[in-house]
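Chain naming follows the written order as A, B, C, D, E, F, G and H, and within any one chain the residues start at number 1.
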Amino acid sequence: MEIKQLLQLVKEGKMSIHEAEKLLKKLPYEDLDFAKLDHHRTLRTGFGEVVFCQSKTPEQNAEIFAHFYAAGKNVLGTRANQTQYEAVKQSVPGAQFDPISRCIIATEQHLTPKGSVAVCTGGTSDMPVAEEAAKTAEFFGARVSRFYDVGVAGIHRLFANMEQINQANCIIAVAGMEGALPGVIAGLTDRPVIAVPTSVGYGANFEGLSALLTMLNSCAEGIGVVNIDNGFGAGYLAAQINRLVCDGKSKEER
Amino acid sequence: MEIKQLLQLVKEGKMSIHEAEKLLKKLPYEDLDFAKLDHHRTLRTGFGEVVFCQSKTPEQNAEIFAHFYAAGKNVLGTRANQTQYEAVKQSVPGAQFDPISRCIIATEQHLTPKGSVAVCTGGTSDMPVAEEAAKTAEFFGARVSRFYDVGVAGIHRLFANMEQINQANCIIAVAGMEGALPGVIAGLTDRPVIAVPTSVGYGANFEGLSALLTMLNSCAEGIGVVNIDNGFGAGYLAAQINRLVCDGKSKEER
Amino acid sequence: MEIKQLLQLVKEGKMSIHEAEKLLKKLPYEDLDFAKLDHHRTLRTGFGEVVFCQSKTPEQNAEIFAHFYAAGKNVLGTRANQTQYEAVKQSVPGAQFDPISRCIIATEQHLTPKGSVAVCTGGTSDMPVAEEAAKTAEFFGARVSRFYDVGVAGIHRLFANMEQINQANCIIAVAGMEGALPGVIAGLTDRPVIAVPTSVGYGANFEGLSALLTMLNSCAEGIGVVNIDNGFGAGYLAAQINRLVCDGKSKEER
Amino acid sequence: MEIKQLLQLVKEGKMSIHEAEKLLKKLPYEDLDFAKLDHHRTLRTGFGEVVFCQSKTPEQNAEIFAHFYAAGKNVLGTRANQTQYEAVKQSVPGAQFDPISRCIIATEQHLTPKGSVAVCTGGTSDMPVAEEAAKTAEFFGARVSRFYDVGVAGIHRLFANMEQINQANCIIAVAGMEGALPGVIAGLTDRPVIAVPTSVGYGANFEGLSALLTMLNSCAEGIGVVNIDNGFGAGYLAAQINRLVCDGKSKEER
Amino acid sequence: MEIKQLLQLVKEGKMSIHEAEKLLKKLPYEDLDFAKLDHHRTLRTGFGEVVFCQSKTPEQNAEIFAHFYAAGKNVLGTRANQTQYEAVKQSVPGAQFDPISRCIIATEQHLTPKGSVAVCTGGTSDMPVAEEAAKTAEFFGARVSRFYDVGVAGIHRLFANMEQINQANCIIAVAGMEGALPGVIAGLTDRPVIAVPTSVGYGANFEGLSALLTMLNSCAEGIGVVNIDNGFGAGYLAAQINRLVCDGKSKEER
Amino acid sequence: MEIKQLLQLVKEGKMSIHEAEKLLKKLPYEDLDFAKLDHHRTLRTGFGEVVFCQSKTPEQNAEIFAHFYAAGKNVLGTRANQTQYEAVKQSVPGAQFDPISRCIIATEQHLTPKGSVAVCTGGTSDMPVAEEAAKTAEFFGARVSRFYDVGVAGIHRLFANMEQINQANCIIAVAGMEGALPGVIAGLTDRPVIAVPTSVGYGANFEGLSALLTMLNSCAEGIGVVNIDNGFGAGYLAAQINRLVCDGKSKEER
Amino acid sequence: MEIKQLLQLVKEGKMSIHEAEKLLKKLPYEDLDFAKLDHHRTLRTGFGEVVFCQSKTPEQNAEIFAHFYAAGKNVLGTRANQTQYEAVKQSVPGAQFDPISRCIIATEQHLTPKGSVAVCTGGTSDMPVAEEAAKTAEFFGARVSRFYDVGVAGIHRLFANMEQINQANCIIAVAGMEGALPGVIAGLTDRPVIAVPTSVGYGANFEGLSALLTMLNSCAEGIGVVNIDNGFGAGYLAAQINRLVCDGKSKEER
Amino acid sequence: MEIKQLLQLVKEGKMSIHEAEKLLKKLPYEDLDFAKLDHHRTLRTGFGEVVFCQSKTPEQNAEIFAHFYAAGKNVLGTRANQTQYEAVKQSVPGAQFDPISRCIIATEQHLTPKGSVAVCTGGTSDMPVAEEAAKTAEFFGARVSRFYDVGVAGIHRLFANMEQINQANCIIAVAGMEGALPGVIAGLTDRPVIAVPTSVGYGANFEGLSALLTMLNSCAEGIGVVNIDNGFGAGYLAAQINRLVCDGKSKEER
């Protein structure tokens, strides 16, 4: 859109090609000292901004939150801790912190949740990752249903909930240790399943490797896998699929 | 449905509970010597049947194809070879074989392709896996667009096609060696990306491990990963998402 | 027993201590050129002899079979091929060969099968390993029931058979790819489950590593795991447990 | 059993099929906030309840213990620490804590130990895992004999105890570093051996991987392996086998 | 040179062969208690001295810095911490410490920076490694341009800077997680690219393994890879190449 | 350059923006059926074209060679075999094949070799990889000196050649098994060293992993590593560095 | 010896066979609570006792030291810390502690060192492991020469010392990072080389794996490798070889 | 020696320093086309020459054998096949081939075997590696005793032979699968044990990795490990130790 405007100016001789190219390159970036922020993302994705807090100082995080918030955007911070939250809160007083999912959420524009994403876990210990997934999916506009502790060791628990789980547009299955849950769910549904291995376990679990390999090798169809403990990635992908479904027929169809 | 009929008979006293349970368990299975076939799948998934040919004898494959075909179903055989195809062809004369994707396809009921799935590859050598994905997505009802050889080493090739790729409901990105393609595409789209690592490469590629890890660790959002060389899994998942999008609003919404 | 006789002779002065020790060391071994055979094993285990055929020449295998057979023992050869069988057959005409399990069996004394061992597989491709387990358990005196193709991808197939499986003294669960079957079965039974990962699969299966890790990390209790593709080891262990159960109360109890 | 009652009501028209199904699904679960507890387990397994304490807060653990205890059950908590024990003790005053095995035990109904399980270790450092195994086997009703520090480096120590070890219905062999103990024991017994690799060691031990691989590759027959440091799993499996042996002939036999 | 002098003395009979050999061996070493320092290096490399501080005590580091500094050399300390710096500062007051790159720099002779090395990073978290590379290249005489946060997830950021990056004699590309940056840059330049994987990431990143494998398997030409987090190695190699380019035609050419 | 022409036409109103963009995207690609060829590469790199023959059919390779050759370019085919060469030779009669390095070379324009690249190997078995590196460096314009079989096991062989090796602008060090050669060379030179691990070895070599890790962990400075057996990559990078050195001062300097 | 006495008594009818066997089994063990001590070792090995302190409490270590010391033996404690030493010192006042090698040494009988073992290290950081090796070899009677910091990065340092190193009966070569030192030394000597990989390094060093693989794959002959950081094992093996050499001709020869 | 002569000439002015250096460098090498042969080795090691045949053509092997043989040396070829032997035989008619160990031996000067090396194997399948070790030790002057098939699965076989094994100056213990044999032997001897893991096994053996890790982690003292299947390396090291022992007191002692 903006590109067209610029090129129009070029065509009309109101701007040199050289100048236009330069503006094009500079425009979408603003320089903080430590990161180049991209205002394009919101336009492109239709969602808010995400900050991976873990490897940043409280000050860096606070500055990024403030910057985005000032630009009128919703901001989701993942892998945050209490100290980082305190710093963020000073610049964005309305920001909320959930210590289980370790998410900081600063919501400027309230979205009405749409469609449905189901988040299932194998055990209680997988909850932090599952909550990161759920919070992320909600942040990006999805209505989320939680089905925790429905793992394979007591598989009848899963069956009791399967009808409801099957209502969702997309199912997130979170599991550590052996990681069999996504495969079992995929064998019982025709909905896309996003599998999240967690690092819960010990010994030959090798910090989640066991669950990861299980999910990649599942003989049930319809599973896409994300990185170990990557609740955020699963929530984002699920929200994307959910939004596409809610928005109806594909562009080409129309 | 059938369960209801049975229970109705129980209620009406026309069948003992014991007998009903027994029938329930036996009904959905038919015994070939080597595999229990499941007529339920078509009902549940709305698609046809799939046979993983690789570890089966030509005779076993032919028998399974014939059985399903007789039941009026479409059948897709993956990881097949010419010999297996010859055997299948004798019992199902209309079966087709594609030597690149190694798929045997026996289509009884012709589906009108719907929506759109884009299949992209990093290089020419990734084509067999990409074609397995494309053929699978088509088998399960999706219209497929192919964008081959648009890999990261010559990244301008990808940009020239990105607008078209962005039309799809779901993007499959197939890449071997370093496996960077899915991450780059996900950074340029708001559509779900299914990443397929291939075993193309040598040395520290470790038969696809390198590409697999790259895809799992991508810093771009919106990627689900399948097993190395698992074109079938990617095609199935993409078709599932595509179908959901084409069928429109989620059940809960309605 | 024989040791007592010798020591008796020592005590009675009919044999020097030095001589007795020497005999003791030499007695239980017979020298073929390539292997030291141990007649003690049958006494100790109450079963027959086992020959791991794979890395031996047809002549070596034939010689070992003939030797044991001449000593009046049952012999089980594992990981054998047709050529090895032909050679064995010449010296032991009654020997049988099963090409699926790759077992050669030469049975001198017929045992009445006792108790019950259940052998379950996830898929058709796991059958060779499962049959090796079943044939081994039978060789060592167990009655065996087979439940093939009851894997997790179509989990309702398992439930239909679970009541029968629960009758066994010991359950062998064989699965490749994701390897979730043993965990699911263990969640539904109070019988010991012996888990056998198979190398069936591709890509991130890493030749059975995936299934192996799944089984070791299972969150269901009551599972012991054997090496990848080790049907023999599972069959032996199951037969051992089955025999103990059939023989009734433990020694200390009596 | 209860299912029969419900179905009886259905048959008698006192309950609709729909209602019956619903009750069936809801009945066995009670909702705490964080975990779905399963009263079925005791019925199914004939033992008490187990709580994996490690990843739970002191409050969560205390609540679960109190809940089970109130239901009249024995409870075993594994991988617990002193703080967790203090919390549990407040709601279940009779609970005991063993700092070596890290087990909390709350025993409502006292069982007379039956049969015999032998627990052997390679070295002094393997004791915590061995004690977890021993405590677990005792919790589930087995009489346990301990043979510690009988490892392969001083193999004559093992021989001095082998006769006694051979009295057991099931032998648990716990070893770190090279992990050779289970293989040596299995070569000297006809009893099932449960091998437990421990993470004791350094360097190329790779946190227990070395011992795990040794045990999986043992050339002695009759070994089932559990996860690294999984004393609980070994104790449970051993108790299961021991109980079956004590309970005598298999069901089918009778 | 010195060797010639000595041999001259031998020839002239002013020194025995034996004595000459001894001097030759002893001359270039001076004995501190804990390390043998090599005055040859500066002559050979034309640069200063480097101290890997990490595994040394503050006292050891201070002593080594003082020793080199007294010999009139520039000294670069890598992987240092504040405590080590305090100790160094007492003996070499002019020493500087950069907490991000963790470098201590004591510069006796000021070099005019020559040529150009570009240092690029995928994300903000890669900055410590990138700064170690940049500081090292500067220490060894190169002019350095920094292009941080131009990673693949927002690939248009890279394109906006590519023309400038292409001015350098050598490009250092630093990236964690998926590690795709070096491959993308190499596809857009004809300059040598030194790839530095970082340990930034989690889960299947396996502490930098993922990025390392990606870089080794890149299908773009012109990439040399260094160890994970080895900013120093990259900076050194880049400075070496840069210096060669600045010094012009090769020796053989002249 | 061409972009400017097009934009000039846009500015002058002789071409619509839309049309110009389209041409821009289409122009540099020509469609063969299986690969998109890029004429840009020669301009960008100043060298010829490279074809990775391994995973292509003889017909595909012949077609690509013919296409490039017709466009007046030099072509280098790597990892080729005799059959592929026969096919290429029919369309490009002047093409040469070297069975050791497995390179097909079709040289249209003869380059005068410049500068100097030294290729060293640890043992005789590393020669195929070394020759691929040497042939590649020569193809891209470098004069190459070979120093084969100068490995660490007989380290005095290396010293005898070190003075000559030090004349090169860039040193390629090829080694399998333990892979120590590059580290030793880097300790004796101030030239950049490109390390190529080979898969020569057995056992704990793990197909080149051992040599790769050695090279990445070298404590000598000035080493960049390429993939296992990647002679091509090393030759390309060395030629790039050599050319930069020969072309003299950096752009910024001038 | 004692066995003969016992058997003599048996022969003379002064002791029953049964009783004799029992005594034989019980005699060599004494029961502390946590470990079975073996007085045989000193007789068998001709050296003192070794205690692996790391995983034991200060009290356990003190008790073991006191027990052995009371029995008139020399005791070496490895991987000890200051706290453990304080406890040991209370029961064995003459015990010495070396914080670098982390060894506690309590020497009752002073041995005159014999023969010669050379201990070489690649770098300063390998010193703790090297000192553990040196202290161990000295404890077991060897005269030890130390050659530290003679690693491959500055290989001329090694050459200056090689003549002296070659005087030893056995050479211990300790190296981290790339681990090339043992291979280089073995290429320059005809003495057995014991290679000790250390965990010194970072990134793709994978905690010593890199150095371990290098040493196992060395193409120089005459190298035996021990576990990562296992200075004790190397010192013991070297002392064993040294002692055999000093004791002269083999038994069979005499 | 020769160096002294040269330097003498330099001193006497009969040779320029420059010339002397050149001769020094050139003298010990002779150029075949593909390998630089080193006449020094025999002098240095006191043994013959070794050729690793595996990766060489029959012609290359024949040429090397002929060259060494003409120089009056004994030659040992390892990892050879029948075809390579035929070629060698034509130039060295007296050469012998052993198909089990895959060794070609051409012995010019007959050595009287000295001392004693014991070679033990776990099973029959380890024989090829054991024979390579035995043949190598014999080639380098050791008298060898073989103790095959004395593995841990039937550990009493080992005890029967232990007294004899303890006569050796050095013990080689060869084992695949679990690889426990060396640890058990080391617990029963005071002689150095060289452990050789073999690739015999399957599944989680990972081509010998399991046995390798077992041996590196052995808790018995006095073990040095060589590469998987490296019988040659073990035989060489054993012969070196054996020779040192036979030659008596160390140099320093004298």
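What we mean here is this: a contact is a pair of C-beta atoms (placed from the backbone, for glycine too) under 8 Å apart; a residue touches a chain by one contact, two chains touch by 3 or more.
The model shown is predicted, which means the values in this text are computed figures rather than measured ones.
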Task: Chains in simultaneous contact with chain C and chain F - done: A, B, G, H
Open item on the list: Test of understanding: which option in B-F, D-H or B-E shares over half of the contact pairs of A-D, residue numbers taken as the match?
Closed with: B-F
Task: Whole-Å gap between the CA centroids of chain D and chain F - done: 59
Open item on the list: Just the number, please: Cα centre separation of chain A and chain G in whole Å.
Closed with: 55
TODO: Determine the centre-to-centre distance between chain B and chain D, using the mean Cα coordinates as centres, and give it in whole Å.
DONE: 41
- [ ] Can you tell me which residues of chain E touch two or more of the remaining chains?
- [x] 154, 203-205, 209, 212, 216-217, 227-228
- [ ] Would you please name all pairs of chains that touch?
- [x] A-B, A-C, A-D, A-E, A-F, B-C, B-D, B-E, B-F, C-D, C-G, C-H, D-G, D-H, E-F, E-G, E-H, F-G, F-H, G-H
Task: chain C residues touching chain H - in the complex, by the definition given at the top - done: 25-26, 28-29, 34-36, 38, 40-41, 52, 55-56, 60, 197, 199, 207-209, 212, 227-230
Open item on the list: Quick check: in the complex, which residue numbers of chain E touch chain B?
Closed with: 122-123, 151-155, 177-180, 183-184, 186-188, 201, 203-206, 209-211, 213-220
Open item on the list: Can you tell me which positions in chain A touch chain B when the two form their complex?
Closed with: 44-46, 50, 114-116, 143, 167-169, 190-192, 194, 212, 216-217, 221-228, 232-233, 236-237, 240-242, 244-253
Task: Contact set on chain G toward chain C in their complex - done: 4, 7, 10-11, 13, 17
Open item on the list: Under the definition above, what is the set of chain E residues touching chain A in their complex?
Closed with: 124-125, 127, 148-150, 154, 156-157, 159-160, 200, 202-205
